[in-house]
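The first chain written gets the first letter, and so on, giving A, B, C and D; residue counts start at 1 in each chain.
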Amino acid sequence: MNLLEFQGKELFKRAGIPVPRSQHALTPHDVAAFLEAQPGEWVVKAQVLMGGRGKAGKIKMAEGAAHGRSVAEEIMASPMPPNRQNPSGEPIKSLLVEERLEIDKEAYCAIAIDRAARRPVFIVSRFGGMDIEDVAEHHPESIVKFFVDTTIGYSPYIGRELAFRAGLDPGYRKTFPAIAGGLYDLFFRYGAKLVEINPLALTADGRVIASDAKVELDDDALFRHSEFEAWRSALPLDEDELLAAGAGVGIRNFRRFPGTVGTMANGAGLAMATMDAVANAGGAVADFLDVGGGANAQRVRNCYELVVNNTGAKVFFINIFGGITRGDEVARGIVDAMQQTASRKIPLVIRLTGTNEEEGRRILREAAMTPVETMDEGAREAVRLSREA
Amino acid sequence: MSIFIDKNSKVIVQGITGAEGSYHTDRMHRYGTNLVGGVTPGKGGQRTPQGLPVFDTVREAVDATGATHTCIFVPPPFAADALYEAYDAGITFAACITEGVPVHETLKVVGATPGMRIIGPNCPGLASPGKSLVGIMPGHVFKEGRVGVVSRSGTLTYEVVDLLTRAGLGQSTCVGVGGDPVIGTNFVECLREFKNDPQTEAVVLCGEIGGSDEEEAAAFIAQHMPDLPIVAFIGGRNAPPGKSLGHAGAIISGRFGTPESKIAAFEAAGVPVAGRPSEIPGLLAERLAAVATR
Amino acid sequence: MNLLEFQGKELFKRAGIPVPRSQHALTPHDVAAFLEAQPGEWVVKAQVLMGGRGKAGKIKMAEGAAHGRSVAEEIMASPMPPNRQNPSGEPIKSLLVEERLEIDKEAYCAIAIDRAARRPVFIVSRFGGMDIEDVAEHHPESIVKFFVDTTIGYSPYIGRELAFRAGLDPGYRKTFPAIAGGLYDLFFRYGAKLVEINPLALTADGRVIASDAKVELDDDALFRHSEFEAWRSALPLDEDELLAAGAGVGIRNFRRFPGTVGTMANGAGLAMATMDAVANAGGAVADFLDVGGGANAQRVRNCYELVVNNTGAKVFFINIFGGITRGDEVARGIVDAMQQTASRKIPLVIRLTGTNEEEGRRILREAAMTPVETMDEGAREAVRLSREA
Amino acid sequence: MSIFIDKNSKVIVQGITGAEGSYHTDRMHRYGTNLVGGVTPGKGGQRTPQGLPVFDTVREAVDATGATHTCIFVPPPFAADALYEAYDAGITFAACITEGVPVHETLKVVGATPGMRIIGPNCPGLASPGKSLVGIMPGHVFKEGRVGVVSRSGTLTYEVVDLLTRAGLGQSTCVGVGGDPVIGTNFVECLREFKNDPQTEAVVLCGEIGGSDEEEAAAFIAQHMPDLPIVAFIGGRNAPPGKSLGHAGAIISGRFGTPESKIAAFEAAGVPVAGRPSEIPGLLAERLAAVATR
C-alpha cells in the first residue's frame, strides 16, 4: 500500500521526524478557510501517488483565502496527466496546505529492503529533490548505503556515518542521526517496504525537515495495524485492483491486457507462464489471473465472471497444476461455476493436472468438458478458439 | 545423496492439527517422509490419524523425537514466532510454507537465526524424490534422478518437474525457494548445495521477473560451476513494469528486475534460457549429452 | 528506583498488561468520595515499598463511603511496622482503591537480570501470592526460567513454553504469552532491573490479571524518561539517601552506621575496604561514603559536613587513592574545605596516594596536616583518635 | 605476554577531545600505550596535543590506523552507541570507562557484539605494566611482573597493586572488570585468559559483595587451575543487606551476594581470602614459595 504524502507525514510525525506545519484539505473551500486564518504564503500540493507533481502544475503557492481557493480549484480541475504506468492519469481527491520552507540544501534519505543482503538498507545522497534513479545515473558516487544488522537494529552512529560519508552539509549533522533513527523505527513499527524522504531539506533558519514523504507499507503487515483501514479504503486503487478485490482475489492477482485470450491459473508463477505460453502460441492475453489455492466453485465462478465481464476475452484458458489446490475440487468448481453463472458463456479450455488429477478429469468429462493435456496444447487451442470466436 | 533433506531427516510439522497442516501431513506421510511428530500448543499428548505424536512446544517435540527438520503451516501472524521457536529448540532446517508473512518479520527472523536453513516463506517446500518430501508439492510428479531443480514459483515448478519426469529426467532435489521479496534461501545458496551433491549432475533454474536473484545465480554459475549442465527459465516475460503479478517479489521496478537483464546474465554465463517450460527437458538433454561426449 | 504498586500498574497498563480497575487516593476523603460513586466491595491498599502489607493490616476491604473513609484512616494512622532493613518502618502516604477480584489461581511471573548469563531471565511459578524466595525453598521444582536472547527479543513461544513448563492452569494459556510480552516490552522500554507480577491472578470469571505490581527501574536509565521525575520526587527516599542527595553525592554513595569513625574514600570498592579496615583496627565506622571522582573543595566540604553533622563521628578518616581523582586537587579541596566550613572541627586522618600524590602531600603539609602512609596505618590512627576524642 | 593488551595493540580513544578523554589520552600516551588516534564526530581532521589524528567515525579511524582496541570515554547516553560503532568497524577489544550506562543497554550491547571483548562499563580499564595501559589506572603504581590482578573495583585495585609493587611482586596484567550488575567480561573470563598466559604465574582476585561472580570464579579455579597461586579479597564485609554501597552491583539481596558465601566458596577451592588488602602480598608470597618448593 503506497501512502499519500499527508499520510506518510502523519507517520513521520509519530516517529519524531520533523515535517512542515500543514493542513489536509478535501476541497477548495477547506483551503480557503484555512488560509483565511493563516497569514503569509503557503504551498498547496495535490495528494496523489504519481510522481512529477511539480512539472504537472499540481504544486502551487497561495496567500490568503481567495487566492487559496482559486489555486486549489485550478489544481483539482484536472487529473494528473497519464504516463506509461498510469495510462488514465490520477484524479486529485485532496490537497495538502503546507508551510513554505526557505530551503537552503536538499538531501535524500530512504530505507528500502535489499533482497540480496536480506537487510534493510539506508540510502543517502547529498543530492535531493530529484528522482534517485537520476541521481544514480548522474552522481553515482554521491549515493552511500548502510546495511543494517536487524539483530542490533539502529544506533545513532549509523546516521553519523551516513552523514559523513555522504558529505551532507554540516547543518544536517546534529539532527540527522535522530531522523534516520525515526525512519528506521517507522519502517519496522508499521511494516514498510520503502520509506523515502526526498528532499530532506535544510532550511535557511537551520532546521532539517522532511519536505516530502513517500511510504510504501507491506500489505502483508496491514493486519497488525487496523488503524490503516481507513487510509486503505481512501487510497486510489487502480481499476484492476478494484476489480480483483471485488472478485475476492488478492489485488496483486489480476491485471488486464488488451488481448482476447482470457487466462486463469493457480499460482503466480504458473499464471505468468500461462501468459507467456499464449504469447508463444501467437495469441494476445486478455488478463493475468492467479486464482490462488483452494479454487472452489464460488471462486472459480467469480474469476470467470471477472474475466468475461471486464476484458475482451473470447475464450477462457484455465490452467491448473495441483499442489495445495486439488484437481477434483477445481473440476467441481468449474462445473458448478458454469452452471451457476448468469454471465455470457465463452469457450473454455481446461488444463488440469497434479493432485487428484484423474478424479478432476473424470468430473470434467462427465460434465462434457474436455480437458487438454499440456499447457502448450492448451495455449494453442485457446489461441485457435479466440480467432474462431 | 540429495540436498537439505534425505531419507533419515526427522521432520516435524508445526501447526500439525490445522486444516492445511493435517492435510499435508497425511500426504507427506504417505509419500514416505520420515515424519516424527508435530506441534500444536494445547494439543500436546494427542496423536494424529497417522499415529504421530502431537506436542505443545517444539522443544518437547525435539526432546522426544530428535527432530532436526520442521515444516511450518501456521497462519501468517505466527510464522516468525514458529521459526524462532524452532531455532531455539535446535532445529536446523525449516520449510516455511505460510504465505503472507510480513516482510519485515521475515527480515528479522532470517537475520536472527544463523545456522538454521530456512526455505521460504511463501514456498511449496522441497522434495528429494524417493527419499523425502517436506511441504506441499504433489509427490506423484517426481521421479528420483540426477537433476536438481530450484524455483521461485510453486505450481510452475510442478509443471517443470512433470515435464522432466515425462522426459525421463529424474530429480535429485527440487526446491521451491518462495515468491516473497525476502526469502531464507536463494538461488545461489541452492546452487552451492547442488554443486557439492554427488547425485546432482544437472540443474534446472526457474526464475521470474523482479529482484536480482537470477543475475547473482548466473554470476555464481559462471564462476563456480561452469561445466554443469544447467537450463534456466524466466517467468513473467510479458509482465508490465511497476505492478507485481501475484508474487510480491515479482515486480519490475524502474530498471531493476527485467526479464531482459536476467536472460542476458544467463546467456553470458553460458546457460541456455528456455522460451517455454516444455523446452526445458530438450535443452537439458542436449547439455547432458554434450557433457557425456566430452 | 523502586516504584509503588500504583505506579507499577500504570506502566503495566501502558504495556497492555491487564490490571484491576483502580483509583489512586491521597487521603481518606478521596477514598470516601470514590466509593460514594462506586457500589460494591473494594480493596484499599497502602502504597508502600515494604513487603508484608497484608500481615500488617494495611490491605482491607471496604464498601461505601463511610466504611471506606474509616478503613483508609485506619490504614494511614500508623506507618508500616519496622523490620531489619527498614528500622524506622515506612509512612503511608497514599492508597490504592482497587476492584476486588474473585481469584481462582495465583501464579508468579517476573523478569530479572541474570548477571552470570548476562541476559534478562523470565521466572515463572504456578505458586503465586507468596514470597518467591519461600517458593524457591518449598517448591523449587515449580520455578521455571527462560533466558532471553536480546538479539532476538521476546517472541510468543517463550510465553507458551513457560506456561507449559511451569504447569500453569490451562486458564492462563491463552493470555499468558501476551502478558509475558508486555512485561518484556516494559522491561526494556523503561529500563527496569526487576518487573514482578505476584500474584498473577486467574479470576473465577476467567480473566488473567496482575493483582500486584513490583517494578524496580534502573536509576541509570531515568535520564531517558523525564516523565518519571514526578514519581521520583514523590518516592520515599530513606534518610541516608536524602542526606546524600543534599550533599550532592549519589544516593547510593552514603550510608550511616552507629560507630564513631567517620570515613570517606574515592571509589566504592575503596570505601568498603576502608570500612573493613576500621573494623579490622577494632573501631566502629560512623558511615560509608564514596566521594566519587573529581573531589574538589566544594565536594570535600560537603562530605565533611555531611559526616560531622549527621553521624556520631569523632574523627574523619579520608582515604584517597588517585586514578581519575588527582591527589593535588583533593589536597587543595581538603585544605580549602577545612578553611571554609562553618561546622565544628573534628580531627582528620588523611591518607593520600596515587596520581599527583607528592604534590598533594606537599599541599597538606603546608597546611599543617600530616598525611599517613597506608590505609591500615590510617585506620589505626583514626580508631586511636576516636577513642581519645 | 599479557592478556587482552600488549605493546603492539593499536588503541584509539572514543571521545578523545572530551574532558576525561583528553586528560587520560595524555596519561596513556605518556605511559607508552600504542595510541594511534581517536574519534570525536565533527572534529575529524584535527590533531590532539600529542599529535594523534582525530576522526569523525570509528570506521575511518580503523581504516586509517588499523586500530583493534578502543577506550571509550563518551557520556552514558552514548556509550552503547560507541560500542556498536566500534564493533561494526571491526574493533575486537573495547574498554568502556563510562559510569552510569543503563543496564539494559549494556545487556543488549553485550549480547549483540559476539567476538568483541568488552571490559566494563563503569570500569577503570586495564594495564599490562611496561607494555600498555588502557583506561584510567594510575601508571606509576604498576611494576612489570608475573601476578595477574582482576578486580571489580577501581581505586581498591590501585591500592592492591601498590601493595604488590611495594612487596616486589610485579604484575602481568591488571584488569578492572567494573562495578555494574552486567559487565562485558567477568572474573571467570579473565581467569581463563590468565590460565593461558605464560607470563602470569599467580593471580590476585579482588571481589566484593553482590552477584555470584566470585563463587563462579572459585568453582572455575577448583576445576581448571587448582595449582596456580591465587589469593582473593572480598570488599564490603561490613555492608548491610538490601542497600548497594556505591557500586550498583554491590548489593546483598536476600540470601544472595553475601561475603560469607563468597569466602566459603574460595576456601573450598583452596584459595586463601585476605582479611585486609595489606595481607595480600604476604599470602601470595607464601603461595608462590609453596609452589616453588614443590
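FYI, contacts are C-beta pairs under 8 Å (C-beta built on N, C-alpha and C of every residue); 3 or more make two chains touch, one makes a residue touch a chain.
Because the structure is a prediction, the values reported are computed rather than measured.
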item: Each chain counted as touching chain A and chain D at once; value: C
item: Required minimum of steps from chain B to chain D, each step between chains that touch; value: 2
item: Between B-C and A-B, the pair with more C-beta contacts; value: A-B
item: Most widely separated chain from chain D, with each centre as the mean of CA atoms; value: A
item: Centre distance in Å when chain C and chain D are each reduced to the mean of their C-alpha atoms; value: 27
item: Centre distance in Å when chain B and chain C are each reduced to the mean of their C-alpha atoms; value: 55
item: Computed distance of Cα centres, chain C from chain A, in Å; value: 54
item: Per-residue overlap in chain B, given as positions that touch at least 2 other chains; value: 112
item: Interface hub residues of chain A, defined as touching at least two other chains; value: 149, 151-152
item: Category of the chain touch graph - line, ring, star, complete, other; value: other
item: Pairs of chains in contact (touch as defined earlier), listed by label; value: A-B, A-C, A-D, B-C, C-D
item: Interfacial residue positions of chain D with respect to chain A in the complex; value: 41-42, 44, 56-60, 78, 80-82, 84-85, 88, 112
item: Chain C partner contacts - residues on chain A that touch it in the complex; value: 151-152
item: Parts of chain A lying in touch with chain D, wherever the complex brings them together; value: 149, 151-152, 155-157, 160-161, 164, 170, 173
item: Chain B residues touching chain A - in the complex, by the definition given at the top; value: 20, 24, 76-77, 100-105, 107-108, 110-112, 124, 136-138, 140-141, 151-159, 162, 179, 181-182, 186, 206, 208-209, 211-213, 216, 235-250, 254-255, 275-278
item: Complex interface listing, chain C residues touching chain D; value: 84-85, 113, 115-116, 118-120, 133, 149-151, 187-188, 191-193, 218-221, 223-224, 250, 252-253, 255, 257, 265-273, 275-277, 279-280, 285, 288, 290, 321-325, 353-355, 374-376
